[in-house]
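What follows is chain A paired twice: with chain B in the first complex and chain C in the second.
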Partner chain A sequence: MIGSSCGIFGVMDRSGKRFKGRMVVEAMKNMYVRGNGLGAGFAVYGLYKDYKEYYCFHVMIQNRDMGAKREVDLFLNDNFHVVDDEEIPVNDEVEVVDPPLFWRYFVSPKKSGRDQKLSDDDYVVKKVMEINTKIRNAYVISSGKNMGVFKGTGFPWDIAEYFMIEDYKGYMWTAHSRFPTNTPGWWGGAHPFCILDWTVVHNGEISSYGTNKRYLEMFGYCCTLMTDTEVMAYIFDLLMRRFGYPIEVVAKILAPPMWDQIDNMDEKRKRFYTILRMTYGPLLVNGPWTVIVAHHGEMFGLTDRIRLRPLTAGEKGDLLFLSSEESAIRAVCPNPDRVWTPHGGEPVIGRLDEKALKRVVE
Partner chain B sequence: MKSHLLPDFYVERIESRCNKCGVCVKQCPWGVYSWDEEGKEILIDYTKCVGCQRCVIYCPNKALIVKPYEGSYRPNAYWTREVISDIKKQAEQGGVILIGTGSDKPYKVYFDHILLNASQVTNPSIDPLREPMELRTFIGRKPDKLEIDPDDFEIKTEITPNLVIETPIMFAGMSYGAISYNAFLSLAMASKEFGTKFCTGEGGLPKDMREEYGEVAIVQCASGRFGVDPEYLNCACAIEIKIGQGAKPGIGGHLPGEKVSKKISETRMIPEGTDALSPAPHHDIYSIEDLAMLIYALKEATDYEKPVFVKIAAVHNVAAIASGIVRAGADAIVIDGFRGGTGATPKVMRDHVGIPIEMAIAVVDQRLREEGIRHKCSIIASGGIRCSADVVKAIALGADAVYIGTAALIAMGCTMCQKCYTGKCSWGICTQDENLAKRLNPKVASKRLVNLLRAWSLEIKEMMGAMGINAIESLRGNREHLRGIGLEEWELRILGIKGAGEGYEI
Partner chain C sequence: MLKDPYLDGVRSVEELLGYVDFEDGTAIIDAKDLKHKELNDLMKECVLRGASRLILKNVCGQRYIGSRLFFNPPKRVEIEIYGTPGNDLGAFLAGHRIIVYGNAQDGVGNTMDDGEIVVHGRAGDVVAMCMRGGKIFIRDYVGYRCAIHMKGYKDKVPTLVIGQTAQDFLGEYMAGGRVIVLGIGIERHRCYYIGTGMHGGVMYIGGKVEKHQLGREVGVVEMDEEDWKFLEDVVKEYCKNFEMEGKEDEILGKKFSKLIPVSKRPYGRVYSY
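Let's look at the complex of A and B:
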């Protein structure tokens, strides 16, 4: 339950058109005081279009431990077909503290034995968890197709420059600037958090952490990354990927209406929300939080039900913006068609149309 | 045989205040006060005093002080006065020492070694006077996963019945027979008014209460099967199979024939004036599979419309037993800690058998989670819940709700004199003597109970708000908000909490 007060930002072109990361970095610069240089990161979707049928693993090698790197190479060769791999290019001129080694691998699953029953996604999740828990000093920080996460210790513009992301192109971006209050910033603790193509950037401190964590443990998730954002990521994974609920329902589990409101609904809705809350009460996420979640084709922002952390949304043509502050939106889009403040617990959702989605993932 | 026992209490009368009105003579059922032959002086035999304080409260002139008898044996930390007295008692009577209420022994109180968290800066605390703060609780089995049609607000999964309570506090099983009709009725009235439930204990539910209070009654099915018939089961909101009780794990119960009045005989369905004996085990439950059969027999009898609870005493292997009970089909498990109260128990059982409720909640909750079945069953913690902070700690350790028994009796007037088994309760609670029972006015007593529920609920909201939590479900099992103080490593491990001064994750 590591508290952070942070700046978060997301932007998506709903037609699927790709654009450079410069805009995102500019927006983050406008929220300078929301971070303290102890963590920042970016997720970009539509990044690896030449390899879009392969999972891309970004592996962080702590302390540049080449033994760990060799272990990862062996593990990946045993469990995956590795079609390409390279060190993630960085700009060594940029001053960052103790940068680990980052390596990316484009892979497809090589399932054997009992694992053959698993779907590709479940297989990848399992193998990522294995690397993260079993290989010391190695962490898979990004594991989706045609997308990637870049993050580390520093201000957003430092991290952006270090990874040279201003020149990367994607149709959807999320970004995070961190103000950790309880933990030393470490490269792996920065946001976004990622599993498969799901990413989460989060601003908040979850007061229901113990309840959420212990409920998730019943479904095989173990929270190891020392941050409550991880809990958030696993909840979305459970409810959206594994249970298949749409965000409209998931929002009402994480941030349910008050009983006073439920009691005054029509019978049908009353029954629906009562059972939903009764069943998934342990996944109510309490305390102050705003989250931006993305996966291919969809991005949404959501706050806690009494809206203790900020979220502003904006639109300009096909562009949808989500931001901690309106100023960050206006800094990169001076004349938006519309800017609004969503109610607590009401998701703001951006989706690609089906044609555009096909272009991105197939 | 001459009794060698020292008196327990001493009664001091402030002569200048006493105007010999005689209220004390009328109020005391123990025979401490009596008029002399001429009817002029009030005599005091303090050796009969049990310290119930009835006379003190009702003396219109505030002329009485009742205090522990000061004279004692040579001080001895090992052969204490209580030890000596018990030996003398048994040497004189040759029997089991009976006693009422939960254990009063100075075992470590784990609740008092646990501190709560509050928000500062990084997480805003929530003011319950300005913001919604929700205590609504559901007791019963929850589905593994919901099948949802989101476009039509439709849930296709079949839902098992749950009790809905507006505060996570219910009244524990106290039977009509053990307590008076008025006390029993007061619990029912308060439950209905506040939106919670009460448990009937094993003495049945009087027919005249079924229509009005059935919906708030959790009816017990205990080893004596007193008062159990289809109407009894079907008028209730839930059914509780009582296997054991914290004050006397592993033994049965005994309501002496003198207490079995006409109305009690009708309610329990036994002849008037006969002893009501509850066997130690249910003689149709010698194993977990037998329990499963009774659970399903009761569900069949009530058309699967009521949650079925199973109540056990917290004993050494409680986690494994609880797991078996969940797998046997129970919708809620009631765990009664070794501090749990009673109307009558052998003192040796009360004071030496069982484990603390705090540890029992912690290990049961953890075990059910490890087995992935925590959602299949609610946990109701019972036995020695004294205040709202105990409730909050019990829930954060993993309970869904608590039962209160002793605290409810104290709210109605009980002063913990521990003489419940005598049937002479001067406060009209634990008695079938009509003259004593009518001292308890159900309107007033239920008001006191409602006030207590209200006060505790307000305090729970304050504590939750301070933690930055606005719904009770976010407190449940949330051990991150608990820290141990003055506990050893093994105790922290069992409770699943960190020590004071330790921050969040690692």
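Let's look at the complex of A and C:
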């Protein structure tokens, strides 16, 4: 019997204390049948302490195309101040299939002309889209400050060993093990998906991908990674960073209550939910899905409104866990204070306190 | 080369015997480093070697526990689980008794045929999916779509008892059997779409449920003497399982609703044109 399901996991220390990636890898090992070796990845926050004021681009060069690498170098030098860059260290002894070249650049925006009106974040999004769409064989897989995404084709423990992430430290981690169903298993299609410091790991499939993608294109987001989850990263960036909505509202856009439930609400709530559904209908995310989303200071888990994919939350002191299965939480934290399963469409949210957040981003 | 994570690296039963301690008919298995298939292989081997009671320690996510214990002639085994069993605990269960000291995950008692599963904690989604016989007791709460397409057959009346509450789509497409939600400590259930597509069986729900929380295919009827008698027996058994003797009256003291399907073929007309 072969199951077909991805495995997702997230853990955050809400006091901001950093810890090594070993715990996340152990949790993913517990869910070893959720995934078939065709994709895995990790996001880690609080990683680049020494360069925390710079955006860090992890650029994936397909087929190790050095022409593409040179184009990226030129593009970044034209559009950014590049303060440091290096090949992302990997362990060549780990057997992975056709690894691309991964290079990281620490940059700050060098805006000119009309672009001067853009915020730094908007400028970065625009330039990331330009690289992804215009430079063949080059993809920016991570573009936030003081965080990074490491992903590829393989099982989670292989990818972890390849990028040697067990020694990296962060205050928040998310991880994914992939069982691709409708789209190719390739290095760029592994999760997490990232724009700025927003990352998404996802279990399920998004049947509204086409509608979501066309709506996002109106706001300058281009989907280039050939898989559904990519829209989620851009939806959260658009609604939360650019529009400034909190996740409590955003959850009700992506996973709104059914109309017959809205019919039974009091007038005030009825009006609110009706307006949300009318205004942001194209951002309703349909199909079975559970996501764990992170950006600096906040991690949350959310499922589709009728919870067609699993999510379990747990906590122990400052630690908050989100996982496809309770066993993965208990594998790394045998005696949690509490474990629970939220209702469909209701987010489980972990936040850093303000002092800890300042330490991370300033 | 694609690896099959279920089968990759699975050891033979002979290699696994070191994980077992035998003590007159009881086999204690340390499941800590065992894969799904290894644990189930080992359980079967222990019974074949004469064990009638299996104690599984350090269980953490192993799936399908108890699902391959078919014997000729039939044999009934008692299984105690310490830790967190993985998905599809007791799937196809053939008359055994499973007690979990902890929480269970998704798919408890999937297509279970006979026997009993008692969970001293909560359980996840699709508990009792397609269940066709036996009893399941969950002390706390359950997730989405529990008792989906549960069915009865002749003298088989599958029974799911939930101590606290359930999440949405409880008893979806239910075709037979009994679902009892005791509502312990629950003022108002949040569960929506209860019994959507239900066309057989009965649900009893203790505590407040509004009409709009029910599926269209469900009707609420008055409890009669026979219903109360049945409920009293269920509550007695629940309290015995979870060492809550003496709480029976308190549990039975609240309002119970009896839900039955309004039609045996709710979608009979959908495809007839």
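Here, the second predicted complex is superposed on the first by the 358 of 362 C-alpha atoms of A that agree within 3 Å, B and C clash if a C-alpha of one lies under 4 Å from a C-alpha of the other, contacts with A are read in each partner's own complex, and residues count from 1 in each chain.
Here is the rule we go by: contacts are C-beta pairs under 8 Å (C-beta built on N, C-alpha and C of every residue); 3 or more make two chains touch, one makes a residue touch a chain.
These figures come from a predicted structure and were not determined experimentally.
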{"item": "Chain B or chain C, by number of chain A residues touched", "value": "B"}
{"item": "Which superposed partner A:Ala328 touches (first chain B, second chain C, both, neither)", "value": "second"}
{"item": "Touching partner for A:Ser142 - first (chain B), second (chain C), both, neither", "value": "neither"}
{"item": "Chain B versus chain C as contact partner of A:Asp260, first or second or both or neither", "value": "both"}
{"item": "Touched partner set for A:Thr279, first chain B, second chain C, both or neither", "value": "first"}
{"item": "Chain B versus chain C as contact partner of A:Thr174, first or second or both or neither", "value": "neither"}
{"item": "Which of chain B and chain C A:Thr153 touches, first, second, both or neither", "value": "neither"}
{"item": "First (chain B), second (chain C), both or neither touched by A:Thr290", "value": "neither"}
{"item": "Partner chain in contact with A:Pro310 - chain B first, chain C second, else both or neither", "value": "second"}
{"item": "Touching partner for A:Thr229 - first (chain B), second (chain C), both, neither", "value": "neither"}
{"item": "Set intersection of chain A contacts, chain C complex versus chain B complex", "value": "1-2, 260, 306"}
{"item": "Touch list for chain A against partner chain B, complex", "value": "1-5, 181-182, 205, 207-211, 213-215, 217-219, 223, 226-227, 243, 245-246, 248-249, 256, 258-260, 268-269, 271-272, 275-282, 284-288, 306, 308"}
{"item": "Residue ranges of chain A touching chain C (in the complex, touch as defined)", "value": "1-2, 30-33, 35-38, 155, 260-261, 263-264, 306-307, 310, 312, 325-328, 330-331, 339, 341, 343-344"}
{"item": "Chain C residues within the chain A interface of the complex", "value": "2-6, 36, 60-61, 63, 83-84, 86-87, 103, 105-106, 122, 124-125, 143-144, 167-169, 190, 192, 210, 212"}
{"item": "Residue numbers on chain B that touch chain A, as the complex places them", "value": "119, 121-124, 126, 131-132, 134, 136, 138, 142-143, 145-146, 148, 150, 153-155, 159, 162, 369, 372, 374-375, 396, 467-471, 473-481, 503-506"}
